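Lettered A, B, C and D in written order, each chain numbered from 1.
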Amino acid sequence: MSTEELYQEIIMDHAGKPRNFVEMAEPDAKVEAENPMCGDELTLFLRASADGLRIEKTQFTGQACAICTASASLLTTKIKSLPIGEAESLSQAFQEMLKIPAEESAEGSAERLGNLQVLEGVRKFPMRMKCATLAWHALDHAVVQLREKGASEKLTFSDG
Amino acid sequence: MSTEELYQEIIMDHAGKPRNFVEMAEPDAKVEAENPMCGDELTLFLRASADGLRIEKTQFTGQACAICTASASLLTTKIKSLPIGEAESLSQAFQEMLKIPAEESAEGSAERLGNLQVLEGVRKFPMRMKCATLAWHALDHAVVQLREKGASEKLTFSDG
Amino acid sequence: MQSNQAKPFSAYQLREDFPALAQSVNGVPLVYLDSAATSQKPRSVIQSICRYYENDNANVHRGVHALSERATAAYENARGRAAKFFGAEAQEIVFTRGATEGVNLLANTLKKRVLGEGKTILLTEMEHHSNIVPWQMVAQETGAVIRYIPVVPETGMLDEDEAKRLFAGGVAIFSCTHISNTLGTVNPVQSLCAWAREAGAVSIIDAAQSAGHRKVDVREIGCDFLVCSGHKMCGPMGVGVLYGEGSLLQDLPPWQGGGEMISRVTYEGSTWNKAPHKFEAGTPNVEGAIGLHAAMDYLDAVGREEIRLHDALLVREAMGVLSSFPGVRIFGPVDESGEHAGVVSFALPGIHAHDVVTLADSHGIALRGGHHCNQPLMKKLGVPATARASFYFYNTEEDVEALRCSVEKIMRMFSKL
Amino acid sequence: MQSNQAKPFSAYQLREDFPALAQSVNGVPLVYLDSAATSQKPRSVIQSICRYYENDNANVHRGVHALSERATAAYENARGRAAKFFGAEAQEIVFTRGATEGVNLLANTLKKRVLGEGKTILLTEMEHHSNIVPWQMVAQETGAVIRYIPVVPETGMLDEDEAKRLFAGGVAIFSCTHISNTLGTVNPVQSLCAWAREAGAVSIIDAAQSAGHRKVDVREIGCDFLVCSGHKMCGPMGVGVLYGEGSLLQDLPPWQGGGEMISRVTYEGSTWNKAPHKFEAGTPNVEGAIGLHAAMDYLDAVGREEIRLHDALLVREAMGVLSSFPGVRIFGPVDESGEHAGVVSFALPGIHAHDVVTLADSHGIALRGGHHCNQPLMKKLGVPATARASFYFYNTEEDVEALRCSVEKIMRMFSKL
């Protein structure tokens, strides 16, 4: 895949018009994540359903590159109203996709990932990996917060 | 010159049977010199003439390699009864000989150096230079002592 | 040379000496605009390394056999060459791993001589992390305080009035970059060192960005210490130079302990060798010194003043090209008020630097994007990161044109958003 | 392999891989018996360096463009390779300049964690200066005391009873060489580290002489830290490895400050990256890591156990040859009571080591003469210096024969005295 293909329309679309890109008042979970190496910064907000079992709403804000912004935007659309456990396993599947060639990945993961697969091309750009995963790392922590009814967190993902 | 030529008879002779190799009681100058890098250690003793203008006697002791021992032994035979200033300039001429090719050296220095020229071959062995010059460095300091009627000294000549 | 025109040396011809420049990446010819991160190496440097390992490789100083004598002579010749390169004496030259190690050595030895509670370390806001963090560490240890000469964001230059005021407040150590790796600013190091001297401060110049790009003479600059990295001046990685003025260097305590740097060791305690050996503990990077020797020969053959002028020519063209795009922000000195070295940072409107760099890479262009090891300056400039193009004598006007095409394509892609 | 016979790999064939071995010095073929000082480099290592500079040279970690990605991948692959070589994990491997820098890093970081007034640093009497001097420096700074496990002069081995007694007295840091570069002694590092663990001490192994000569597995040894130098194991100069056990390494404070080792820098203060990057300030020696990678591949292809056996075979022959001359003194383990690595120090009767080495050089033989960076041990052995022959897999029985001839000539020359 060429780099310009990586920046394909769906990514440019989400990067240019990120979905759910607004601060959430009184979230159930809030994670600020930054990658000081490249300057990406975002904050992820989650609202749980009344029964606490599903993710009702996801929003984010921040300043980041196209890959990071698109990945976060896609995330918010994909995990909406998912059971917490499924959001977690989707995150895992997504992060695996960036490590393992498609043909080696678990069966059915392609369907599950859907349009998240547009980010697969990042695998060829190890230095951009953290851009693609930053929102998902934040999600992993936010989910733990939901479960533990924890406070908000500030995370720094550095090189290494 | 081959290395075995460097170790020519005159050096082997002085190294095997060093001249004036005995401690001096109540010397007018005494310098202990060592080169910790190779383990050479020697002590040089000078006695001045009654008028203080000449070097009456020179002796040395120590434990050192053949080059160092021979150089010290030759030194004691060469500077015997020299005026202090001449001993100094001989030391300078000797040290120069180890740095500058013979054809470039000052006129007349060859005659002055005499059999000290057997050590010229050390020039090809930069790492052994300090072995050949240790006694002469000690002499330079001992002469200053004679002039200043100073106390004995302990010197360390290290790498560099 | 009085004229501001580059002497007609041919970058096209010099490029031929650099095997790495003759490749394609992503199916297009490589345009290497990242020499401020590390320079490419001429064949003569690569060959000097091979020749060393194929013929003379041995440990130095302690050996008497032929190979060891050759290796020692080559290593010490490299020291002499570096001394000549910087207008110093051989015993004033310490080989380090690079500029970063040089600053760490200075911070950790000078702290014992001149730092203490309330003493001032004066830096500038445009320092590379390697000229900030070591000072923060020793400041914390000693109770010294760090002050920064401000950068004027509009011009990318130091605020000289503020600098004078800060010197007047008392300074123990002054450490400053010669050329900013982010802004391209060329600092007035001669005046700054004079002010430091008046203030009784020890002065240190970080020549990482200048040593390979212009004449750097320590006596002319008037600094007490200077550091640089071989890999940014056509030399190999893992070697750098620390210059220290004769008696000042001699008076510093040692930093690392080990072989070479000692005179006499007993189980109870040790005494030190003389400078520069006192500061070179352990087996040195002989290969690195030899490669750097070849690099300095190469740079002097090209001509350091010619390199400076060629850098300036290309950077001026690049700034012209970049500023022709609407909304592009260019950092550092932009007009004739300040000299702009061959490094230019820029931001395309609404496009993150990492996207710029990834897309430029797909066009064969090697740029750097990020904070350039100067996070606090980024904050001051109000950007998360910049894209940076840096030029060297092997770059050509075609490279600038390639940059223009690439920026145009990137702008067009993002304009559809 | 159970047998004590070297597997029939051919040193004659392996020699062909080493360009430097195919030369004459002083008109006679070179016999290189100084691998304990630095090893020669196989063609594959030299080529890996050239290839790097001709194709992939770039600064690492911070770059997004193709060359930088390749350089970063190659650098991090080398880290992974080193981890595999030593039985560790990649994040436990720090690249240093060499063993000396490794010890300095440990001394200067561990001092903040475990040293203080009256704390004990336990070394042995056979340590290299680089494993003595850094400890003396931090002992002086912290008020810690240094104790030494004695060497039994007759056998060249550590006094184990005394070692146990010393451990029982309380030890904060234990640092010990795996193989003595002077005596050839192979220390029982596994037991020593177990005793250190029982005593609650941090254990450090100096593997400078062992890493390229036998299998060295950090989990088997049970050490907390281990250091070595690339140049003694067929790798380039200017690179070495520091291993640190996962959480112990992670918990150490940083030592040098600069790029790469930080997470977030502000003008007011900074936070650190994770290990191993926390300990690699500045541009690393990428070339060195890549060359070391090639060296480790080469060593594993030869077979580390085979190297150990070949070393042992040659050293046994050499000891036999040397002891056939009257009055020759051989240091280190001589009989079956202790393993003798491929390093043998000796003294010819009434002949200074430097004369031996200069004369051997004239016969084409590269020996080392001096204190071998172990002055206090020399004093204990009662000699100003020794001559040393050290063997590697590219040495042959002919080399031992050449040594015999040379010693014979030297003895004859001096017998005329």
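The rule we apply is simple: a contact is a pair of C-beta atoms (placed from the backbone, for glycine too) under 8 Å apart; a residue touches a chain by one contact, two chains touch by 3 or more.
Just so it is clear, the model here is predicted, and its values are computed rather than measured.
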Intersection of contact partners for subunit A and subunit D: C
Between A-C and B-C, the pair joined by more C-beta contacts: A-C
Approximate Å spacing (C-alpha centroids) for the pair subunit C, subunit D: 32
Whole-Å gap separating subunit A and subunit B, where each centre is the average of the chain's CA atoms: 79
Geometric centre distance via CA averages, subunit C-subunit B, whole Å: 47
Whole-Å gap separating subunit A and subunit C, where each centre is the average of the chain's CA atoms: 38
In subunit A, residues with contacts to at least two other chains: 36-37, 125, 128
Overlap residues in subunit C, where contacts from two or more other chains coincide: 26, 62-64, 68, 264, 354, 358, 361, 369-370, 375
Complex interface listing, subunit A residues touching subunit C: 2-4, 6-7, 12-13, 15-17, 36-41, 63-68, 125, 128, 131
Touching residues on subunit D, where the partner in the complex is subunit A: 61-64, 68-69, 72-73, 91, 260, 263-264, 271, 273-274, 276-277
Interface residues, subunit C side, partner subunit D - complex: 19-20, 23, 25-26, 30, 32, 34, 37-38, 40-41, 45-46, 49-50, 53-59, 62-68, 97-101, 103-104, 107, 125, 128-130, 132-137, 146, 148, 229, 231, 236-239, 254, 256-259, 261-262, 264-267, 269-270, 281-288, 354, 357-358, 360-361, 365-370, 372-373, 375-376, 379
Complex contact set, residues of subunit B against subunit C: 36-37, 125-128, 156, 158-160
Sites on subunit D touched by subunit B in the complex: 26, 351-355, 358-359, 361-362, 369-371, 375, 378, 383-385, 413-414, 416-417
